[in-house]
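Shared chain: chain A. Partners: chain B in the first complex, chain C in the second.
And then the complex of A and B:
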């Protein structure tokens, strides 16, 4: 295996996994922008999305597109319930109780999944059964390509939706200034609910995309969520481009670090990057130097 | 109203937690004196009690179940055949809670019962290692199924091991790789935990001792790794012609097996026993076909094993594995020692166990050395389209 092929193999898998981090980071960023709180349950929502796909696809035997869409609908409803019972009752409190509530919700999700599904990992088949192909010594896993395509499509959708639709603009306005949005007659609570639903769906899609690669367990979301959080900080908290760039940077640095330094420290590299950012550029790549929002 | 809804959810969550805890403790508070077919004994001297630390709660609950079943089956058979010197065996079970301190506490609780003459410990090596100081102090024979080399080499004369230790598995893998597969460049893939690192050290030691070779690659990874691209490219790059692996977790086995083939790494692979575990095979499917492993128990290993497997399947509705095999053997060995011993004092039992010669068990033929190691042989098995078949049996140098 040539040096170039080794590099190519690791870059490819790094970017693909980074795409998943980016999707989760995007969900965290959107919620942060509209509510000023961080959703630490995002990783566990990913896990629930993977289980939803597992039930619909493997247990009920539905075809892939239907199972995928149905899982999105189910998780969308779940996103609404999540904001209704975790965020909404605490919406007028400071950010700390809300963050603790999301951490608590994450722990609850993990343990409920353990009770319901047990500790044995579940297998979900990839979108394309054929697996992948090899070009120039680099193996291209079709599932990784699916991850890249879906991530790219979602970021394009995101851009079009927020910049070119009335609903998207209302959601943006809510994110920028809740009071002003309210004065303009935008139903702020509804917009926040939409944001939670959309973010939950993003996390769940991330989970469904990695399910065939990771196997589905109740703990699969915890490291995913933490790395997405690191991606958010590196990219600039609450920034959409930052989520994308941060996610892919985290994916790449862990893949290359594992390949060229040592696989044992794989999980350490993203957090090393995080530390560097916190020391050198705490506002992240795209962040603005603002200490406190008015 | 909103507050009430939230309070209701909180209350429900708390109830849920309470219910979960409650479930755990009811199990533990019944340290079953449920030795089957024990009719209430006329006097205490009519029974011989054996303590058993079983993980009934926590992460090792699945293997704990197998251990419990194996021991109960042996006690039931021995009692049905008239017991030991006319006395019925009684199993006293305590929950080890899958933790070090839980196991030590369970052992201490068993020691409170003066009638218990021997104890069966939990399988995981770390938990058994935690118990050793207490065992040394208590001075009664304790059986283990942990394979970490140090358990029987820590100057505690009361530990008896009913599975071959990791030194023998490393020898078996190295010998098969070099002698039968003709490997000259062996890559060792192992977890970064004590099991994996210890395994690597033993493989390196025996490669050097037996063949004057050294591993071409020392490749470690963290348990729960999801993407083996870096590991696979490293192995390819090293030019290895055989992989020896110490992986502790089934999902890791499943994932590595699948990704290695996708990325075109198709060289012979001999793994530690987890490679044959059902969970890993279900995840990996065809990707594990043709892969070799070491295994200390096989249902077709000997006649006793076959009979045991049939009895086990009839009673519990599924195939036994090595967890149930070693507790079954431990009970039979203890019973034989009780029969031969002058009395039921710890020292007499210990001497009787050490004096056992070629004692046939379902795991193999037991001959205990002064360290308390009863077995020294591993099977090399192969996954033939999801059937685990014995290729050969390799005895280790003690």
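And then the complex of A and C:
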């Protein structure tokens, strides 16, 4: 394999995995924007999404598209329940109790998954059984291509939905100024519920996309969630473009670091990038320095 | 009578902000609420629009008690609250802000919406010019115009404006006032105006109430209040004028 092919291979897989981080980061960013709270359970929601796909696809034997869509519906309902029982009761408190509640919920999800599915990793088949193809020495795994296509489609949807629909604008208004949104007659609680549902679905889709690549375990969400969190900080917390660019940056640095520096530290490189950002540009790529606007 | 408050008291946590406030606003009137900073003027508006639930008393709008109604439902009844500090949505464009202003109106067609937005651009030419600019890029005066125009997009029966003159240059204050008067005439909108700038508020309103430390201490027609020596001394700079003279 030529040096260029190795580079190409790592860039390809780095961007693809980065796409998954970007989806999770987008979910974290949207919730942060509309509630000022960081959802630390986002990674474990991803894990639940992967298990949902596992049950529907592998245990019930449903065809892929149906299993995928059904898992999205189930996780959407789960997102509503999550906001109703984790966020809503604490909505008028400061951010700290809510954050602690999301951490607690994440631990609960991990342990419930352990009780239900045990500690044996579960395998989920990829979307296409045929594997992939090789171009110029670079192997294009079809599952990675699926990840890229789905991520791109979701970010395009994100843009169209938030910028060009009335509901999207109401959700933006809620994120920008809740009191004013109320005075304009926007049902703020409902908009926040929608945000949680959508963010949960994004995380769950991320989990369904990586399920065939990694094994599905009850712990798979913690590293994914932390890397998505790192992606958010690098990109600029709460920024949609930042979630995308940050996610891909994390995916790339992880793949390239593992290939050229040391594979054992694969999981450490994203956090190295995070540390660099925290020291040099804590507001992230697209973030602005936090200040009150008069 | 359009709006009536009867013995309303409200507080923020343990701090009592208004006590036993009673006032009336009739249809088609411009009524102002004047007083110093912290007198409870904004709190009164917040109670009416549902942002703050009173501890005691009644708020009656068109014969219906609304003191326990949620803010998003009160807008639908026909009360539009343009809060202090303009509260323009910073990440949305001028046009999007205006569109959201009309979001409470069910069954408004796209064509009618466009027509009404165009009409706001006529009332506030700056907004027409800046229709695609994001809210945070507007100047203070432009944000104030947008706040009012957005409030009008709900086609309210009553428009409540909190300190529209705050932080604006005198010439802009004059513009805002003239527009307020025009709106009241043109749409038949009742206006409840909260102002620290008492002479300005009284100059365009029919009646006024004076608030001090959470209570209403005086009321009357704007003419009466303007000629009242106490009001003159406390709020219209009467004493300083005398000193200068």
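Throughout what follows, the second predicted complex is superposed on the first by the 290 of 294 C-alpha atoms of A that agree within 3 Å, B and C clash if a C-alpha of one lies under 4 Å from a C-alpha of the other, contacts with A are read in each partner's own complex, and residues count from 1 in each chain.
Note that in this section contacts are C-beta pairs under 8 Å (C-beta built on N, C-alpha and C of every residue); 3 or more make two chains touch, one makes a residue touch a chain.
Keep in mind it's a predicted model, so treat the numbers as computed, not measured.
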item: Partner chain(s) touched by A:263 [first = chain B, second = chain C, both, neither]; value: first
item: Chain B versus chain C as contact partner of A:103, first or second or both or neither; value: neither
item: Greater residue coverage of chain A in the superposed arrangement, chain B or chain C; value: B
item: Contacts of A:172 with chain B and chain C, given as first, second, both or neither; value: second
item: Touching partner for A:62 - first (chain B), second (chain C), both, neither; value: neither
item: First, second, both or neither for A:285, with chain B first and chain C second; value: neither
item: First, second, both or neither for A:115, with chain B first and chain C second; value: first
item: Touch list for chain A against partner chain C, complex; value: 166, 169-170, 172-173, 176-177, 179-180, 182-188, 293
item: Footprint of chain A on chain C - complex, ascending; value: 49-51, 70-73, 75-76, 80-81, 83, 87, 89-92, 96, 99-101, 103-104, 136, 150, 154
item: Residue numbers on chain A that touch chain B, as the complex places them; value: 1, 6, 9-10, 13, 17, 85, 88-89, 108, 115, 119-121, 123, 131-132, 134, 139, 141, 210, 213-215, 217, 219, 255, 258-259, 262-264, 266-267
item: Sites on chain B touched by chain A in the complex; value: 2-3, 5-6, 9, 13, 20, 59, 62, 192, 219-222, 224-227, 229-231, 233-234, 236-237, 250-251, 254-255, 262-264, 279, 282-283
